[in-house]
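Okay, got some structures for you below.
What follows is chain A paired twice: with chain B in the first complex and chain C in the second.
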Partner chain A sequence: MDIFISELKRQMRAKRVISYILISIILGGLWAWFIIGGRTEGFMMTGCYKGLKGMEAIKAAAKDRNVYSGKMTVDNFLRSGEAFLNSVEGKDDESHIIMNDELLKLVVYADTLIMQDYRLKRMFGDDNLETWFPRDFGSYFYENENLYYQNLIDINTKNQAEKELALKMWNEVEKPYTYFGGFEVWRDGVEHIQLFGFVLLIMVGFFSSGIIAKDKECGLDEIISTTTGGRRKLLSAKLFIPVIMGLLIYTVGMGTYIGILKHYLPIDALETSIQVCGGSTVLPYNLGNLMDKMVILGIIGILTISTFTTFVSSKVNKASTSMSIIVLVIISGFLLSVMGVLNSNPTMRGMSLIVPGSLVFAGVRFDIVQIVTVFGKAILSFKFHLFISILIFFISFIMTSWNYVRGR
Partner chain B sequence: MSEGGRKMLLLEMKRRLCTRYVLFSLLGVLIITIGLNLIIVSHQNGIVHSLQEEAVYEGDIKEENLFLALRKVRDEKSGDRRYSSQVFIIGGLVNNYPGVLYTERKVEDYPDKYANEFYQCWRNKFEFLIKRNLPIKEQQTALTKLHEVKTPFARYPGYYLYYTALDNIQVIFIIILFLVTFFASGIYSDSFEDESMEIIRTTKLYKTNMWIRILPVIFYGVLLTLIATLVTVGMISSVVGLKVLKSSFKMIALFTFGNLSIGQAIAIMMLAEIIGIFSLSTSMGYFSFKTKKTTTAIGIGVSLSIFYMIGSKFVSLPAIKYLFNAIPMVSSQVLLSISSFSINFGIWEPYVIMLENFIIFILSTVALAINFLLDTNQWYRV
Partner chain C sequence: MELRIDKVTKQFKDLKAVDNFDLNFTPGIWGLLGPNGAGKTTLMRMMVGNLKPSDGKIYLDGSTISSLGGKYLERIGYLPQYFGYDKNQSVEDFLDYIGCLKDIDKATRHKHIIDLLKQFNLSDVKRKKVDKLSGGMKRRVGICQAMLNNPDILIVDEPTAGLDIEERRKFRQYLTTISKKKIVILSTHIVSDVEFIANYLILMESGKIIESGESNTLINSIDSMVFETVVKDEEMSMLEQKYRIVNFHNEEDGMVRIRYIAELPLKNSKLVKPNLNDFYLSKVKEAK
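Take a look at the complex of A and B:
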């Protein structure tokens, strides 16, 4: 245990740790400020809330929208559809929307209806996108929603097992949906967890890349191997310090970010169903669940990259080499998840699953219907990704121990 | 260069380039390039037939041919590839920047003028877009640039493979810039770390040696760029032929300035990337010389690139854009600005990016020169 503490002290010198922590706190703060401060509200270019920015816009919009918040009932949908159609002036091409108080309060409903109308028309090849939906469209909202998602599931699943799982998920989605004012900012905030995670990932990679390689560089490794305990005694320190530091950087950085968001933004908006948030997905979560899941996936991603970095560090002779390799791995994970997840090519999809640390970008796997079949069993794509990451975590652990104790 | 200098260059090239790192990264880039392009190429089983069909109207896009094609597809419901491929071009008027000016949703609604006055319609929409999207002081330059565009455009069958191919080149360019960052980070700091710098400093050719060290990095970057581009072009050409490179770049992005062909656009991407490599290797050299630690130099270089990659996606303030355009990483993203019609300082954006990167190259070279000078003087004083 002694040696663990002294190694911990050596690696986590005050200046070094403080600078890492400070950078992650500053980044978290800036990021949250960017999300909140840059926010503007509006609806279909009507210019409502024009001139308001940041918290003012969020508060003003949330106040209006909270009048009908909570469960999104069919009655309200019907009312919003009528309010919306009443406010449309002019015909077809030149139509524009005149904002009124009633519509301002029902904006979320109207928005969801317009989106549904658009999606259904796209899905069933109805090219008549110029005209709006019929007056009573809102009263069939949940029937239409069912129709849309069932078709979406049919298109995006490859076999019966996948289809059943997707349908099961869709049936678990709580209907009527829920929303609370201010969820739009939260949605952006949750999406940015991935990007911020990307930056933290790089930082953790930087920290851990020298953990063993630096010893080799300055010849300390040779000396350690001649001591009675040898490298074996130091193994646990070498394995766990990157993990501890990774956790620390991520918790502090992400904690600051989410803390600030939670402090300023309405908390009840986290109960909003993710189906209302713009993307189409069959997963039965609300924004809060989604956020928790993203953070947990982020933590596992960070853990994977810290052990993987240790492994690389034990393999190469120079800290700069391991740093380069880790940056390349993280960047390729990022690029793959940006372009690979929706790519139809199986190799690309496979690659995007196995790159260490790519779990941080798993947010894209919550979109649409993302299910993979492994050995004939259907499993949600992000759970499979999680499983692989944990596997990589343990494999790197074992490989590092093997490498380090053997002294290569 | 003196005899000694030339020999030193050769030795330095050998020292830096004949390493496992270079070998692996060359192989890596080659594999990624081939892999990405295989995805495009392998899906093209039935393409030979449709290429033959489209070849009937290859070359300049004539309005009468477009009109014929529109009538065939719209009125006679012809499914012939030779016609539908041309209607696809007309559709570009509607589908690029959708919802502006031309809003027809299906071919049946396209009026005749889209075809028989194609170029006029194109001009109209472009002018409208310029007036809507650009700040007033840039509009005049943009309109002049628009008038310089020569019609008709040219098209050769199979150009659409370059949609994905150009994106692939862009992704590989990003990776190449990171590789160059890593390679350049050790230019001087490696010698500081193993203290060989102390010995080199005492030699007569110290300053020559310092300058020569940048050359392998540039050579390495240019080599990777050439591999990525040539392999991509070669693989695509093996399916659709080299002629496609003569197609107008307008076929990839309809509303763009200039009279570039696809081949020229690729050349511009390459040129920008190479200028980026120049500025990256000198600026990384500067960091490497200043920090004297390879890991710190990598840290700075990577942070800058990441800052660009994330920041440029969200911040669109003009002042910050000038800053972003000076970060070497931007040169891998030139495709984005070739495909749009932004203007900075009254200059077309891709040229701004090259210019700013060139300035960074000059600045960091000067900074390096000053540092070398100071360093030698210090040495003699001691």
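Take a look at the complex of A and C:
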């Protein structure tokens, strides 16, 4: 314990820890300010809430949209469809929308209907994308949702096990959907957990990359390795300090970010079903669940990159080499995840699974129907990614221990 | 106490850094002399367990150092050629950190640190960062860390590198003081570092021992073979091929005073008392 504390004091000296914490807090604050402060609201270029920005826009839109918030009933969908069609002027391909009070309150419903219409047309090869939906379209909202998601499941599953799991998930989705005003900015905020996580990953990588390599670089390792406690007893400190610091950086940074969002944004908006949030997914979560899951995945991702960096640090002789490798790994994980989504490329998505730290970007695995089959068993893609990351975490731990203790 | 190096070899790809090194170390100061690249550092790194021999074994009192593990490390103190430290640690913190790694309990290491700082005139700078100290002070901190556990075997690699003449003298004095009942192995390529303090000498060249034994015996082995004379400058290259010239000094009128080793001296040569430098240079030249 004496050695652990001694190493802890050396690696986590006040000035260094305070710098990292301050940077995390500042970045968290700036990121939250970027999400909230830069927010504008509107609907199909109608210019509603024009001139409003930031909290003013969020509050004004949430106030209007909360009139029909809560359970999204078929009646409201029907009403929103009619209100929308009444506000459309001109022919379909040259139409524009004149905003009115009723539509302003039903904007979330109308937006969801428009999106459903568009998705169904795309799915069933209807080229008539410029034509608006029929007047009673909203009455069939949940039937249409069923139709869309069942087809989506058919297209995106490779075997019966995957299909069954996807259907099970879809059946667990609470219907009618729920929404509360302000969810749109929360949705952006939750999406940005990944981007902010990327920055925090780099910070953790920077901290951990020198944990062993720096000792070798400055020649201190030459002395350490000739002491009785210098290998085995120091190992636990070398392994756990990056983990402790990683957790600290992530908790403080992400805590600041989410704390500010929670302070300024309406909390009940987190109860919004993720199906209302723009993407298509069969997962039965609301925005709050999604945020919790992404934070947990982020924490595991941070732990993975901490231990993997320690392993790299034990292999190389220079902290700068270790740093370069880790930055490359983090960027690869990010690019593979993003490109995998943009191009719907299963190879890239598969590759991103094994890149240490890429779990931070696992938010992309909540989209559409992402299920993998492992030894004949269907498993949600993000859960599989979590499993692989935990495996990488332990393998890095074992390999670092082996490297460090066996000496030269 | 006996530290036995039993036919140890270290091979790095195409280079044999240490070649069949075989020697018993007993208490006293051992000067390990050799030019750069002779294999001194590699040998020392094997002795402290930082490198594994490709062949041969190292024993302490009959047990291999690898089987003794921590028990061996408890008994050694090591100052590497390039003394590494954490740039952000103060002298006191650094010594405390190393003391902690050496498994010395808090009270004992605190006492040892105070004593060593006093002994090495470092008490005034104990709160200064090691990085901010002069080269000589850094080496003294290095010796302090090696001495923290009061080791039976002290291995110091080029300890006087970067020290000025006065610091060198003090360092030699200190080694003499602490060497009683200890094995002190000191590697250097500077002869004056070991000339007056080493009880035993080992001369290394290309990884091999070229001579070893008690200092006086070795130096006396060239007694009545060291001469001085004055020759013409243009004769130097010819003489260098015939004699082992160990030193020279330019005189006036194109004349050079040379110090050389030979069984049959040149005309007008004066027999002089040999010193370690004569012995060292003659043996290194012979080996080459």
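Everything that follows uses one rule, which is that the second predicted complex is superposed on the first by the 399 of 408 C-alpha atoms of A that agree within 3 Å, B and C clash if a C-alpha of one lies under 4 Å from a C-alpha of the other, contacts with A are read in each partner's own complex, and residues count from 1 in each chain.
By definition in this document, a residue touches a chain if its C-beta (ideal position, glycine included) is under 8 Å from a C-beta of that chain, and two chains touch if they have at least 3 such contacts.
Owing to the predicted nature of the structure, the values given are computational and were not obtained by experimental measurement.
Superimposing the complexes on chain A yields a three-chain arrangement in which chain B and chain C fit side by side.
Shared-chain residue A:124: touches no atom of chain B or chain C. Judged by the touch definition given at the top, the superposed model places A:3 against chain C, while chain B stays out of reach. In the superposition on chain A, A:387 makes contact with neither chain B nor chain C.
Geometry note, superposition on chain A: angle between chain B and chain C about the Cα centre of chain A is 70 degrees, to the nearest 10. When the shared chain is aligned, chain B comes close enough to touch A:347, but chain C does not.
In the superposition on chain A, A:228 makes contact with chain C only, while chain B stays out of contact range.
Contacts of A:13 after superposition: chain C is touched, whereas chain B is not reached.
When both complexes are overlaid on chain A, the residue A:332 reaches chain B alone and has no touch with chain C.
Overlay on chain A (Cα): least separation between chain B and chain C is 10 Å.
Residues 2-3, 6-7, 9-10, 13, 16, 215, 218-230, 233-234, 407-408 of chain A are the ones that touch chain C when the two sit in their complex. Against chain B, in their complex, chain A makes its touches with residues 34, 93, 127-130, 195, 198-199, 202, 206, 209-210, 217, 318-321, 323-324, 327-328, 331-332, 335, 339, 343, 345, 347-348.
On the side of chain C, the complex with chain A involves touching residues 45, 48-52, 70, 73-74, 76, 78-80, 82-89, 93, 96-98, 100-103, 106, 145. Residue ranges on chain B touching chain A, taken from their complex, read 21, 35, 39, 103, 105-106, 167, 171, 174-175, 178-179, 182, 185-186, 190, 193, 294-295, 298-299, 302-303, 306, 310, 314.
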